[in-house]
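Order of writing sets the labels: A, B, C and D. Residues in every chain begin at 1.
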Amino acid sequence: MNFEYSDTAKDYLGRLKAFMAEHVYPVEQQLAHTNHAQNNHGEWQRWQCLPEIKLLKEKAKAAGLWNLFLPDSELAQGLSCADYAPLAEEMGRVLFASEIFNCNAPDTGNMEVLYHFGNEAQKAQWLTPLLAGEIRSVFAMTEPDVASSDATNMQTNITEDGDHLQINGRKWWTTGLGHPDAKIAIVMGLSNPENDRHSQHSMVLVPLDTPGVKIERMLTACGDYDAPYGHGELSLTDVRVPKTNLIMGMGKGFAIAQGRLGPGRIHHCMRAIGAAERALELAIKRGQNRVAFGKPIIKLGGNLEKIAEARMAIDQARLLTELAAWKIDTVGVKHAMTEISAIKVVVPNMLQQVVDMAIQMHGGAGVSHDFPLAGFAAQARILRLADGPDEVHKGMVSRLELKKYLK
Amino acid sequence: MNFEYSDTAKDYLGRLKAFMAEHVYPVEQQLAHTNHAQNNHGEWQRWQCLPEIKLLKEKAKAAGLWNLFLPDSELAQGLSCADYAPLAEEMGRVLFASEIFNCNAPDTGNMEVLYHFGNEAQKAQWLTPLLAGEIRSVFAMTEPDVASSDATNMQTNITEDGDHLQINGRKWWTTGLGHPDAKIAIVMGLSNPENDRHSQHSMVLVPLDTPGVKIERMLTACGDYDAPYGHGELSLTDVRVPKTNLIMGMGKGFAIAQGRLGPGRIHHCMRAIGAAERALELAIKRGQNRVAFGKPIIKLGGNLEKIAEARMAIDQARLLTELAAWKIDTVGVKHAMTEISAIKVVVPNMLQQVVDMAIQMHGGAGVSHDFPLAGFAAQARILRLADGPDEVHKGMVSRLELKKYLK
Amino acid sequence: MNFEYSDTAKDYLGRLKAFMAEHVYPVEQQLAHTNHAQNNHGEWQRWQCLPEIKLLKEKAKAAGLWNLFLPDSELAQGLSCADYAPLAEEMGRVLFASEIFNCNAPDTGNMEVLYHFGNEAQKAQWLTPLLAGEIRSVFAMTEPDVASSDATNMQTNITEDGDHLQINGRKWWTTGLGHPDAKIAIVMGLSNPENDRHSQHSMVLVPLDTPGVKIERMLTACGDYDAPYGHGELSLTDVRVPKTNLIMGMGKGFAIAQGRLGPGRIHHCMRAIGAAERALELAIKRGQNRVAFGKPIIKLGGNLEKIAEARMAIDQARLLTELAAWKIDTVGVKHAMTEISAIKVVVPNMLQQVVDMAIQMHGGAGVSHDFPLAGFAAQARILRLADGPDEVHKGMVSRLELKKYLK
Amino acid sequence: MNFEYSDTAKDYLGRLKAFMAEHVYPVEQQLAHTNHAQNNHGEWQRWQCLPEIKLLKEKAKAAGLWNLFLPDSELAQGLSCADYAPLAEEMGRVLFASEIFNCNAPDTGNMEVLYHFGNEAQKAQWLTPLLAGEIRSVFAMTEPDVASSDATNMQTNITEDGDHLQINGRKWWTTGLGHPDAKIAIVMGLSNPENDRHSQHSMVLVPLDTPGVKIERMLTACGDYDAPYGHGELSLTDVRVPKTNLIMGMGKGFAIAQGRLGPGRIHHCMRAIGAAERALELAIKRGQNRVAFGKPIIKLGGNLEKIAEARMAIDQARLLTELAAWKIDTVGVKHAMTEISAIKVVVPNMLQQVVDMAIQMHGGAGVSHDFPLAGFAAQARILRLADGPDEVHKGMVSRLELKKYLK
């Protein structure tokens, strides 16, 4: 066993931390406030991406800290999942940092889909500008009218019509839909109801300016619009795209989704671990600097025990996530199913607890936008639902566990 | 022992439920959406109170369901704390319902202060229009620069200057400050540093249009502005008010605060219990109506156990709160300190757990504004900080517990 | 609402506390040690009841503190369930106290069965000496070969043979079976498999000296034999008793069981609440008297918060149990099903938590027999299984909850 | 990063598992029952070591599975801490297995003390027979009269008298004291009160047949004597041993204790992880084989979620323990203090939870001696106190955490 990061990971981590220290942390609060003031309302048509973010993206690209998530050494840096994990953690410490390095969801997952399953034309048209950070993308899967925890419930209809596909349906929680640069959606829908349960759905590339595509509204999530990205509700009415927009083939939706999810969960979870580390740091600093009843708050009551519990929970969650990443790299997603599902439960719940503690240590300031804590709390809460609720992942873990004892 | 509500309580509760059923629930979602669309942004100067709310207030007043919180039978209905408890619970089921019956915080607490500690002139000027629901009030206590969990940290300065008082300082989490009808603040500050620890502070009535009073901004709390009420940051610069605006006397701030808090905690907690009941109801309905993996969601995994746990937690929390109310009525706040502090810990934490479960049962819908759950979650989170964080109240409970065994 | 105990309850409670203070607490540790030294081994044939216990029983009887559980004013004191509740709590503070007042399980439940469902001959033969405390009884229901959480699994066979009943089967967790005074068992078994699911079982009085009745062994429960009572494994081989030993009628087993359980759960739970109060008291005293790192242990880390949490949990659990008792008295067991199941979950779990904390506060002493804490811990753990595991009771609570929303 | 065990570890683990499968599991229940029947009483003078255990020890020694804990390649197998970790886990699956491989506490810790800090004569006299498994040893540190969580409280007195040391005091929780082969105690006591806080204590080798050494009694721990080892209370009255029995030097007690604890915690924790794995396995098997309400128990209610939670908790705890082991091997105990303290909290609490779940899945059988679960539960509970209570270790973790942010 060896718990040390590889030399590659250490090199990138060192450079990333230096970049964060020089360029990101110093402007974090100011950018958050500016964004909050400009964009924190429901009229997504007026949302803007801050020019400072665009500038930071240029700097990151110049520094070679770009597309770090993609394990291709020509198109990107060729980092393994395990090597990228600590980088995702570092980015997760600041709510908007991933975008700066072109490593933000759902673009990362969409780029992976195009990279692994897109044909050359699809790559040229969409993957290239996405990798360049020129456009943004969304993933339209969850639907308002059915329990989407069971993805086979999906009702959005995809039918063949000559050399076109016609799509009708309604999606929501389409993250990033409000962003001015969002240009392309990967839409998943029911195309082959005659097939077996996991071969009935397809994924189709739908440019957002296609007639019949309509953004109905942006949803608040835990009270926040998460502008300028947003979580959108989208209607698709007789939307027609050429068949060349189909990814991989009819009925291949679940096969693609499976491939998309493994590394994506590592990314989500490592970012969440970064958020938890940040929350713990903030809690300690606040607790040491504020005085009540004659003592620094952190020395009162059970506060020090809570700090220890946070440290122990974070370290355990990180190790499990790193194990999952290492298994993806070495034996593949299919043999890492327990770990991939386990971290999807463990990490967001851990973040929720750690942030809750950090908020409590901050008093009222903790729920305000002066600190990233309320944002982390929303991130944790949503992550317990997004990409499969806790319950579905626990179901996977227990199913695999029972299998060990079946003859 | 007798766990039955009094005939008076049953009568009011019946009428209140009928009113809610006829007038409030049917418009709940529409009003929430309208308010959200109009007011959910940081420019509080543009916030408006919905005319529908004003109309509902008229109807409630006409129905004799008005100022139910105030135990005075001339100015109000003369309900005891225990009789009001189930009414507060019923109101708590809808996020904006308390206001309709003129029973919303912080006005209730402020009216109690004026009622118990104000002189006749103060009552005539401020209590009368507050009881009529014509104006609204705020309570300015928490400060951004110190740990306000220890109220003796308060730094806002009140000095005597001839027949005036001069006030300098900064407050935040001044709830209701953004409301167009907010006219008067009760400001607590340090006036007599030479006195002993709990006689150094005073409470002063400060009209919000007094020169030197400035609303600096509205804070989001858990991502939400809670418009049109809002949580404000307020600066007081050389603010001068006549000495007649002083409540009770110099150095009486803590004495007044103590009197204000007992019944106020019952109100907060019973509303939170109502919110928890509502969340449980929504969870059951959603869980029964949505299907995944071939079954209603509520029948999957451990969901039914979670329903049972919610029921058990709510019932216990309610009983403890009712005991606290009954003790306030029969032996007084001073002999109910354990229960009053205990419910302040137990109830918001219970609500947080129950709502978290209900959100999980709703999937993505649970964190959106289509349901009141995200609002209840924010209410619970904030209530664990407001009016003394959990830790301060646990400190009180344990202190009283240890006292039993000291010689 | 009125949370005060009735005058009757207050009177009995005062006298009971005085008796405990004068006669029980002073000898508690000595009796526990003596019993432990003499009886703590698996050879139940050598177990003895301490003569001091017999003496205390005489004193309790003389003081009119006898059979307090039975709501009959001729045979006993005629206390309601709510009036008995605080008395059971007081008894629960000392592991062996209930027996002194002839209020120990399973004799109480068995006496209730005979009282409510036995005929005159059965009462004369068995209820009279039980009420006099001259003999002891056991209840044989749980079986080793099936999941007894589902009572309809019961396999012990009861068949009619002329004017006799013949019984074959195996039972375990037959509490009290090792006691030298145990003379009679109420055996529940499958008699009418042709009937519907809840009318297939019967209860039969089986004297323990009937041929074919064999005590196979005593089980340890959480490491302890709980001597001189014990939890026994019992085989019944062609056991024949006259039909007059049948209680109520063939197929009436579940009907009797239901009637037996309501008040029995109140008793169990209130005793557990007494145990929790005692554990909390011991924790505080130990925590105040032992010093580590220059401070009384109770002031270290989060210990005071844990004291507060224990107080809040106990008070809530007691209120819920008192509500259940009051409902049994006023509207009957059938309308108190939610509460009766809820306390069966809430109280033992609460006790487990509180005792765990108290043990931790005691260090090594906490798990030894120098304090009653390890005994309380075992009591809590077993109570989460006995008389229906947590899961079955949560199932009942959720089922009743969902029913509210079914059309 | 590399999460694979080394080839050495894999080789030993394979052979150990084969040995367990062939020799230990098949006799586990029978040996447990025999031991329980013979030894489960307080008269430790009659306790016997089962001859089957002695035979198994011979077999293990012959198989080269002996003294695996000791990282010396001449005296033992030369396994690193990380390589030994999975072996300790495997042994932890059966309550009595460690002894078979001469890897049981406290002998392992005592052997380490002698190995690292003993002189040649001490090694020859005591380490040699201990390594041969011919005798057993105890460690006498905890005292009944003081809070031993603060080890500086220790009062047992060690004074110099010519070329002898005289010892007076009282110890308890001296594990293994009841074993017929226990011959030697390492006694820690206060020898140099004039020194600074961590240089006041010494460790002395005291043969158990030295005049003045008296076993006062065996303590039950969670109801169990843990025979034939036992937890003893020991009085030392004017006990005289030659100065050559002093380990390392006067005042070196804490220095030795520190060195003893690092690897010892890994051993304790890995055994506890093995116990948790075993409990989970038993829970799954029982849950699949017992039927209630028409389904295997494991499919009822939230049981499958609990299985998943156990898997996730165990895997996280194991990873943290393995990290601690790896750090001990690579950077040393001093740089692994956070992890060493963290696992001492995390693992026993995890085991307590997992076993509690497994017991619940077993019903009454779970608390009996028919399964090792009650034993594991006691192990977990005691481990939360032994070798520093949770609170002390959380204190260490938080102290190190805060240090990161101090200038």
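Convention: a contact is a pair of C-beta atoms (placed from the backbone, for glycine too) under 8 Å apart; a residue touches a chain by one contact, two chains touch by 3 or more.
By chain, with names taken from UniProt: A, B, C, D = Acyl-CoA dehydrogenase.
Worth saying up front: this structure is predicted, and the values here are computed from it rather than measured.
Note on subunit A versus subunit B: their Cα superposition corresponds to a rotation of 180 degrees, in steps of 5. Of all chains, the one whose mean C-alpha position sits at the greatest distance from that of subunit D is B.
At the subunit B-subunit D interface, residue numbers used by both copies make up over half of all numbers present, so the two copies contact each other through mostly the same positions.
For the pair subunit C and subunit D, the distance between C-alpha centroids works out to 36 Å.
Distance from the subunit B centre to the subunit D centre is 53 Å, each centre being the mean of its Cα atoms. Centre-to-centre separation between subunit B and subunit C, using Cα means, comes to 43 Å. Taken residue by residue, subunit C touches two or more other chains at 301-305, 391, 394-395, whereas all remaining positions touch fewer.
Interface residues of subunit A, counted against subunit C in their complex, comprise 301-306. Residues of subunit C that touch subunit B in their complex: 1-6, 82, 280-281, 284-285, 288, 298, 304-305, 307-309, 311-312, 315-317, 319-320, 322-323, 326-327, 338-339, 342, 345-346, 391, 393-399, 401-402, 404-405. Here subunit A touches subunit B in the complex through residues 36-37, 40-42, 142, 144, 146-150, 153, 172-173, 219-224, 290-293, 297, 300-303, 356, 359-360, 363-370, 374-375, 377-378, 381-382, 384-386, 389-391, 394-395, going by the rule given at the top.
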